[in-house]
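Next up, some structures in structure tokens.
Presented sequentially are two complexes of chain A, the first with chain B as partner and the second with chain C.
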Partner chain A sequence: MRLLRYTLYRLLQAIPVLIGVTLITFVLANLAPGDPVRFMLHGQEVDEELIRTVERRYGLDRPLHERYLVYMGGVLQGDFGHSIHRNRPVLDLMLARIGPTLLLVVSAYAFALATAIPLGILAAKRRNQPEDHVSRIVALVGVSTPSFWIGIMLILLFAVTLGWLPSSGLVYPWWPPETYGHSGYGEHALETVRHLLLPMIALGTLQMATLMRVERTQMINSLQGEYVKLARAYGVPERTILRKHAFRAAQLPIITIVGLNLSTALGGAVLIEYVFNINGMGRLFLEAIQQLDYQLIMGITIVIGTMFVVGVIITDISYAYIDPRVTYGEEE
Partner chain B sequence: MTDPLLRVENLTTQFFTEAGTVRAVDSISFEVHEGEIVGLVGESGAGKSVASMSLLRLVESPGEIVAGEITYKGRTIFGLEETADGSLSERPEMLSEEEMRREIRGNEIAVIFQDPMESLNPVFTVGGQLREFIELNRGLSKRVAREEAIRMLREVGIPDPEGRYEEYPHQFSGGMRQRVLIAMALACEPSLIIADEPTTALDVTVEGQILDLVDDLQEKYGTSFIWVTHDLGVVAEICDRVNVMYLGEIVEQAPVDDLFYETAHPYTEALLESMPRPDLTVEEIQSIRGVMPSAIAPPSGCRFHPRCRYAREACKRVHPDPRRVATSADGETHRAACLRHDVFESGYEASAPLEHATALSDREVERPPGGEGGE
Partner chain C sequence: MAVGESQLETDTGSRTEVDYGWRHTVSTVMGDTTARWGFYIVAFVFLVSAYTMVDSNLARLTFGAFEDFTFAEWLPIFDHPERIPPPGEGESNVPPAFHAEGSMANPLGTDPAGRDYFTRIVYGAQVSVSVGVVSTLIGFVGGTIIGAVSGFYGGKVDDALMRAVETVYAIPPLILIIVFTVFVSGGSPDIIYAVFGVGIAFIPVFARIIRSEVLSVREMDYIEAARASGVKNRDIIRRHVIPNSFAPVLVYATLQIGVTILIVAGLSFLGYGAQPPTPDWGQMLSVSHGYMHSNVWLSIWPGVAILLTIMGFNLFGDGLQDALDPRIDD
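Coming up: the complex of A and B.
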């Protein structure tokens, strides 16, 4: 019950944040040089009157604050406007592209967590021994190598040289297998994974490296805790100490980092989608910027902003689940 | 006399650091009999905690027990023997790590640590932690262990134990957490509890309550205690026999009354004088001069001689071991490691007093008798 109230409270707090995000983006997009109508015309000479008619049609002749309010009114009703460049509703464009991006980001995190936590624990347990040194080097390389470069190298090695994995595109598991000419769900699943593997590793490596170091430090601290000493003195097996007593208390910063790095991951997804030729939100965003497609830029910004805010809220809430010391706001 | 519950002989624990070998515990011997509270007293760094963790064989790296023998209820917790090629190896009857974990830690020898704030895991409920240890050490089912945990929480004076069972450590006060740790120790039904400065982190009033509680429960359960502390006031209150440690060694060993009234070692004497007393102002309290020297390179001869007001030339040369200096009325031995006692025959009387010692004893003379007035 307290947790539910805390969740609602945090969601309410997200509203002013989102208003700020949309307002700033709206103003910045309008301050950017270039006139969208003229841009659409690709420099053709046309009647000034025609331009004004088009501007009127899209409401571009109205003052900025008015346009913002009209726009936000639409957003609240699920209307993100119309892409002037693509002549399609922004919502449709985004819905078509959000799936691959989410698939990519979520699997990158899954990869990062699945590797970072065991490796971090191993490094903590075997502190200053070969395993620890290897993990330190892996982390250093992972943090300092740009994700797109990792992507290119993975393509070179696994797709071009070895020919094991495809170099571009994704298979969407939510589409029926027949779309791809797959014989059944088995092949469909396999192909999904095969396509996902390289971009997932390319995007997830940075997160993996960061999380691994944090996990190691946290586990070392936790293993030196008095409560671990106490558990040992009461005959708790070392395995249980590692998996239960030391582990749980050590996971709190991991959750924080996952939440806060969401923005890095979404940013990284833009590059990875480019490298792997994936039709996701990131690529759509880049194209929208190049085409000065205001409505699309706004729409994607709102969606990514919301995803980030929701990510942070989920972080906070799971923090409250795991750490009993977190108060839910009303006690202070 | 019956066999003691715990016998420690020449226990030596060292830490192998880059700066050198730290002789944290240097050949100490003591016994704990059934149902008694034995004090282990000394300043910080005297080796009390290392000694107590050695009893569970839980000395943390780079520390290691290098010599001595620990016998508990006739079983060998630690013991070395010389092999054919002259090197030392563990005796075959010495308990394995697995046996220590299963059969000794928790269910035979339990501990209470100093810091109740840190000793409980912040992310698990108090009841859950208690229940886990009970399950593990007494082989009870979850349900029975839970009932037992609640019973023990009530036993140590925690109000509404059913409700508080589900709460987390941060919802408990320091004194209440220390009660939880005491409940933990008793609930595993050990024969010996090592209490490592359990009241140091608490307020004086709470400390009093905890001491009373331990006194009552000790009587009720008949558990033996090793009470590690730097506070002679606490010792006077609850201990039966006392071991005074200085720089890794036991320097005096006596029944509690003898220790206070027939003090046989200058260090104990100094400790007693340095205790805050209501009739003395801060200036009048005789603090012990200097700091404890490093355990890497301890002073030659008697380790206390650089801070001792009775130190003479002989004290720099001869290293005293604790020897019997008196026997109390009920036949208990009083041991001290000080050359001033006749049993040592070290030529103490004949040797010249050391310069610093003269200065220290001069300071003593300046002090007005009976502690009246000031300087």
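Coming up: the complex of A and C.
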């Protein structure tokens, strides 16, 4: 019950932020010099009368605040407007592309967490020993390398030189295997993983490096905590201390960082989708920018902003689930 | 903090919690091997970019006396960074010197237009460093003002400003900056728009850090004393609050330069940062992307340059952080 109230409270808090996101996007999109229709035409000469008609058709002849309210009214009903360039509803275009991006970002985080947590713990346990130094170098290189360049290097090594893995596109597990000519679900799953591996590592490395540093510091702090000293004094085995006492308390900041870094990951997805030719939201965004497709750009920015806000709320709520207090009596 | 006192403490090897003397900071940073290397890398990249900056702007700096002249003519290791050799001269896509088909004339080979790649890599430092520093400065100044006002006044002002900050935070920087660059430039992006875009996008991060520092400084006795003696709020913020909240933000700014270079590299790679023929690492990677199968080397060198530069800032920033923060003691 307490948790439900907290969830509702966080959702309510998100409303002003989301309104702000739409406002920023709307203002930015209208900062462009000249009127939108002419802007979209890239300076081509067109009949004045035609421009007026198009403006009336999309309500662009109305004052700015009125247009914002009309737009927001639509967004609340799930109508993100109509892409002038593609002549299709913005919502349909985005729904078709959101799956690959989610698949990419979620698997990048899975990769980052699966590597960062064990390595961070190892580094903390063997502090100032070779394992620790190696993990520090990995973390340093990880935070210093552009994700898209890691992607290019992975393609050059594993796709171009060795020819082990495909260099572009994804296989969507939610499509039936026949679409790709796969013989069964076994091959389908294998191909999904083979296609996902390189972009996942490219996008996940930065997250891995950041999380590993935090995990190491947290574990070191946690291992110096009073409760760990107490557990040691009680004669609790070192492995149990590491697993039950120190580990749990150290994970709380990790959860916060996962939520906050979602912003970097979603931005990074734009670059990774470009490098690996993945038809996700990021590529759609770049296409929309290139075509100066107003409605589409606004729709994507709002959806990505919402994804971030929802991500932070989810991490906040899961934070509330994990009770930081560790009890000693039960573990004896 | 008296300088002599802080030196004395360093000499005896003990260190008190309140020891923030800058001499002490410098000696701690330079005493740490990794931080020292970070400093060397940063200093080297700064020197190189200062040289290229002067060289690229010679004509302007000398009021036209050195039109069409570059230091590169005196230094045999460099070619012209931007001029494309006329047909017949300069072979394109030459591999690096250690390759069987390479030569020392072009240590890192040539690009698809036949320009010396080594020269372009060296001159590329200029864009990365100046963009990194200038846009971090914009974020720093903007964030300091917003964060200081927000933290000092608290209440409704704080609420409103922090909601605004959270809102900008919610849009991934890369996406926000691309939208900003494209719309503000009217559809023809260039590096100058990217600089402002990146700076504005990072104001929230700085504002948050400054604000939390200010919140703790605000409760100090000397602020109360200043208030009691009738100093105006604006002067309290300027003279007491901001200087005392500075150290952690300075560390953050150093690390932020690295992040900024990373983002600008991505922007240029996608075509929304530096434009050809300006030598820029991200933009060079964008060109080399089309030659991934025929000339592998083109994709390697700019990435290595970015990696080393950012690593320098990170090492130095980490060292600075350890020196300024007495809590972390490795």
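Definition applied: the second predicted complex is superposed on the first by the 312 of 332 C-alpha atoms of A that agree within 3 Å, B and C clash if a C-alpha of one lies under 4 Å from a C-alpha of the other, contacts with A are read in each partner's own complex, and residues count from 1 in each chain.
Assume a contact is a pair of C-beta atoms (placed from the backbone, for glycine too) under 8 Å apart; a residue touches a chain by one contact, two chains touch by 3 or more.
Keep in mind it's a predicted model, so treat the numbers as computed, not measured.
Q: Should chain B and chain C be called a clash or a fit once both complexes are overlaid on chain A?
A: They fit side by side.
Q: Looking only at chain A, is it chain B or chain C that touches more of its residues?
A: Partner with more touched residues of chain A: C.
Q: Looking at A:Gly225, would you say it contacts chain B, chain C, both, or neither? Reply first, second, both or neither.
A: Touch status of A:Gly225: first partner only.
Q: Check whether A:Ile24 is in contact with chain B, with chain C, with both or with neither, and answer first, second, both or neither.
A: second
Q: After lining up the shared chain so the two structures overlap, which partner does A:Arg239 touch, if you call chain B first and chain C second: first, second, both or neither?
A: Neither chain B nor chain C is touched by A:Arg239.
Q: A:Phe285 in the overlay: touching chain B, chain C, both, or neither? Say first, second, both or neither.
A: It touches chain C, and chain B stays clear.
Q: Could you say whether A:Arg248 touches chain B, chain C, both of them, or neither, answering first, second, both or neither?
A: A:Arg248 contacts chain B only, not chain C.
Q: What angle, rounded to a multiple of 10°, is defined by the Cα centres of chain B, chain A and chain C, with the middle one as vertex?
A: Here the answer is 80 degrees.
Q: If you take every C-alpha pair with one atom in chain B and one in chain C, what is the shortest distance in Å after superposing?
A: 9 Å.
Q: So which bits of chain A does chain B touch that chain C touches too?
A: The overlap between the chain B and chain C interfaces on chain A is empty, containing no residue.
Q: Which residues of chain A touch chain B in their complex?
A: Chain A residues touching chain B: 225-227, 229-237, 245, 248-249, 322-325.
Q: Spell out the residues on chain C that touch chain A in their complex, using ranges where they run on.
A: 163-164, 166-176, 178-180, 182-184, 186-187, 258, 262, 265-266, 269-270, 272, 282, 285, 289, 292-293, 296, 299-300, 303, 306-307, 310-311, 314-315, 328, 330
Q: Which of the residues in chain B end up touching chain A in this complex?
A: On the chain B side, the touching residues are 56, 58, 100-102, 104-107, 110-111, 113, 115, 118-125, 132-133, 136-137, 168, 170, 181, 184, 188.
Q: Can you check the complex and tell me which residues of chain A touch chain C?
A: Those residues of chain A that touch chain C are 16-18, 20-21, 23-25, 28-34, 39, 42, 128, 140-141, 143-149, 152-153, 155-156, 160, 217, 263-264, 266-268, 270-271, 274-275, 285-286, 289, 292, 297, 300-301, 304-305, 308-309.
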